[in-house]
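Both complexes below contain chain A, partnered by chain B and then by chain C.
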Partner chain A sequence: MKFTIVILGAPYSGETADTACRFAEAVIAQGHNIYRLFFYHDGVHNASSLVTLPQDEIQLPQRWQQLIDQYHLEAVVCIASALRRGVANDIEARRFGKPCGNLLEGFELAGIGELLDAAAHSDRLITFGPSS
Partner chain B sequence: MNDNVTDNTSATDGSKRILLVCRHAPYGTSLARESIETALAAGALGVDITLLFINDGVWQLYNHQQVSVIAAKNHGAMLSALPLYGVERLLVDEKSLSERGIKASNLTDIAEVIDKDQVKHLLANCKVILSF
Partner chain C sequence: MILHTVNKSPYANQCLVDCLTTAATGDTIILIEDGVYGATAGPLFDKSLPQLSELDIKLYVLRPDFEARGLHLGQSVLHFSLVDDHRFVELVLEADKVLSWY
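Up next, the complex of A and B:
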């Protein structure tokens, strides 16, 4: 089955993003496919290279990145949600006169159309909500 | 994969209807705003989308939102743009209204009130649910 996973929660603030990542790993372990990961709302923080956690805690952005890299997943970060929250690639950062981009490699910025496309082309779309 | 559990059509024609479930109040978090942005994008892209306002999401439809006191953008104004984008099916859960003491006459007239059986039917019959 083709799954799309929507992540609305930021890392660290709550457990939902972590659960989403575990779910994605389980989907793959069960032999299913992931059509797309879509990071929306506070979920865009999962794609920030500036997230810095104590060494003995799960580094969720890197965990996503590893999964994306290993299985060649498509990881789309909503550009509107991201820019509002200070997540940008170098191109967007330059466009808006910001000192630097911070989007982790493996993630890409795109519009909500990618979410609607995923909804149309996946067998299952699972949303992992915000923390609150 | 087990095809028996794949109840979606392949939907390469893009005809799959999306149900957007709006569960959060218009202010306090940006979830409501970002859910309506999804609906507007769907409308702009010609995707068939229905909105269901349930739980605190029914507050989004409340008329006479006075946002000047909280320096926010008027959510009601954003909702009123939906029909212009071809998004015309806005449904609101009667039970959520009565639990909050909201009369249907206090809602924007673009919404249609449905009872809990209709809500159940809707949730059971939509292949794709985006939950915010």
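Up next, the complex of A and C:
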């Protein structure tokens, strides 16, 4: 079965990202496919390479990245949500005169149409809402 | 059949009550994150209890989130089943769609 997982919460603002990541890992462990991960609203902060934590804490962006890399997942970050929250790839950063991009490798910026496409082509779509 | 997820405590947020008033016969509800406090909120459920038993709604709680808060099922007046992440995935598959309350 094909799943799409929508993540609306920033890492460390609440549990959303952790719950969603655990769910994604469970989906894969059961042999199902993930059609797309869609990071929307504050969820875009999961894709920032500037998130920095003490070494003994869970590194959520890296945990996503490993999952994406290992299972070749498509991880889409809503471009409108991302740019207004300071998450951009190098192309968008240059376009808007910012000093650098910070989108983690493995994630891509795209429009809301990718969420509609995912809803149409997945067997199940589950949204993990923000904690606050 | 719809699987409803609730991630907010009923002591702080209206979404569990909204979920209970919306859920239909045969639906399933799973409490996750702070939503697991709903499994301890007996009095809050009382108003919805007759409706819930009539509607045959199954109630689940995500075990890791529940245990992380040191809660015990004995505090609830309703029957909740504790499930792990894998069972959560199965519940999503058993439902036609998922409705997230947050």
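Worth pointing out:
Here is the rule we use: the second predicted complex is superposed on the first by the 132 of 132 C-alpha atoms of A that agree within 3 Å, B and C clash if a C-alpha of one lies under 4 Å from a C-alpha of the other, contacts with A are read in each partner's own complex, and residues count from 1 in each chain.
The rule is short, and it goes like this: contacts are C-beta pairs under 8 Å (C-beta built on N, C-alpha and C of every residue); 3 or more make two chains touch, one makes a residue touch a chain.
What you see is a predicted model; the values in this text were computed from it and never measured.
Once the complexes are laid over each other on chain A, chain B and chain C both fit without any clash. Of the two partner chains placed around the shared chain by superposition, chain B and chain C are both touched by A:His32.
When the two structures are aligned on the shared chain, A:Gly129 is found in touch with chain B and with chain C. In the superposed model, A:Arg22 lies in contact with chain C only, and not with chain B. Judged by the touch definition given at the top, the superposed model places A:Ser81 against chain B, while chain C stays out of reach.
Look at A:Ala120: by the touch rule set out above, it reaches chain B but stays clear of chain C.
By the document's definition of touching, of the two partners only chain B reaches A:Ile112; chain C does not. Legend: residue contacts after superposition of the two complexes on their common chain; A:Cys100 is shown touching neither chain B nor chain C.
Contact with both chain B and chain C is seen for A:Met1 once the two complexes are overlaid on the shared chain. No C-alpha atom of chain B lies closer than 5 Å to one of chain C in the superposed arrangement. Shared interface residues of chain A, touching chain B in one complex and chain C in the other, are 1, 8, 32, 123-125, 127, 129-130. Every residue of chain A that touches chain C in the complex is listed here, in rising order: 1, 3, 8, 14-16, 19, 22-23, 25-27, 29-30, 32, 123-131. If you check the complex, the residues on chain A that touch chain B are 1, 6, 8, 31-32, 40-41, 80-81, 84, 111-113, 115-116, 119-125, 127, 129-130, 132.
Contacts from chain B toward chain A in the complex involve residues 1-2, 5-6, 8, 11-12, 14, 16, 18, 29-31, 34, 37-38, 41-42, 45, 47, 128-132.
Taken together, the chain C residues at the contact with chain A in this complex read 5, 7-8, 32-34, 62, 64-65, 85-86, 88-90, 92-93, 95, 97-98, 100-102.
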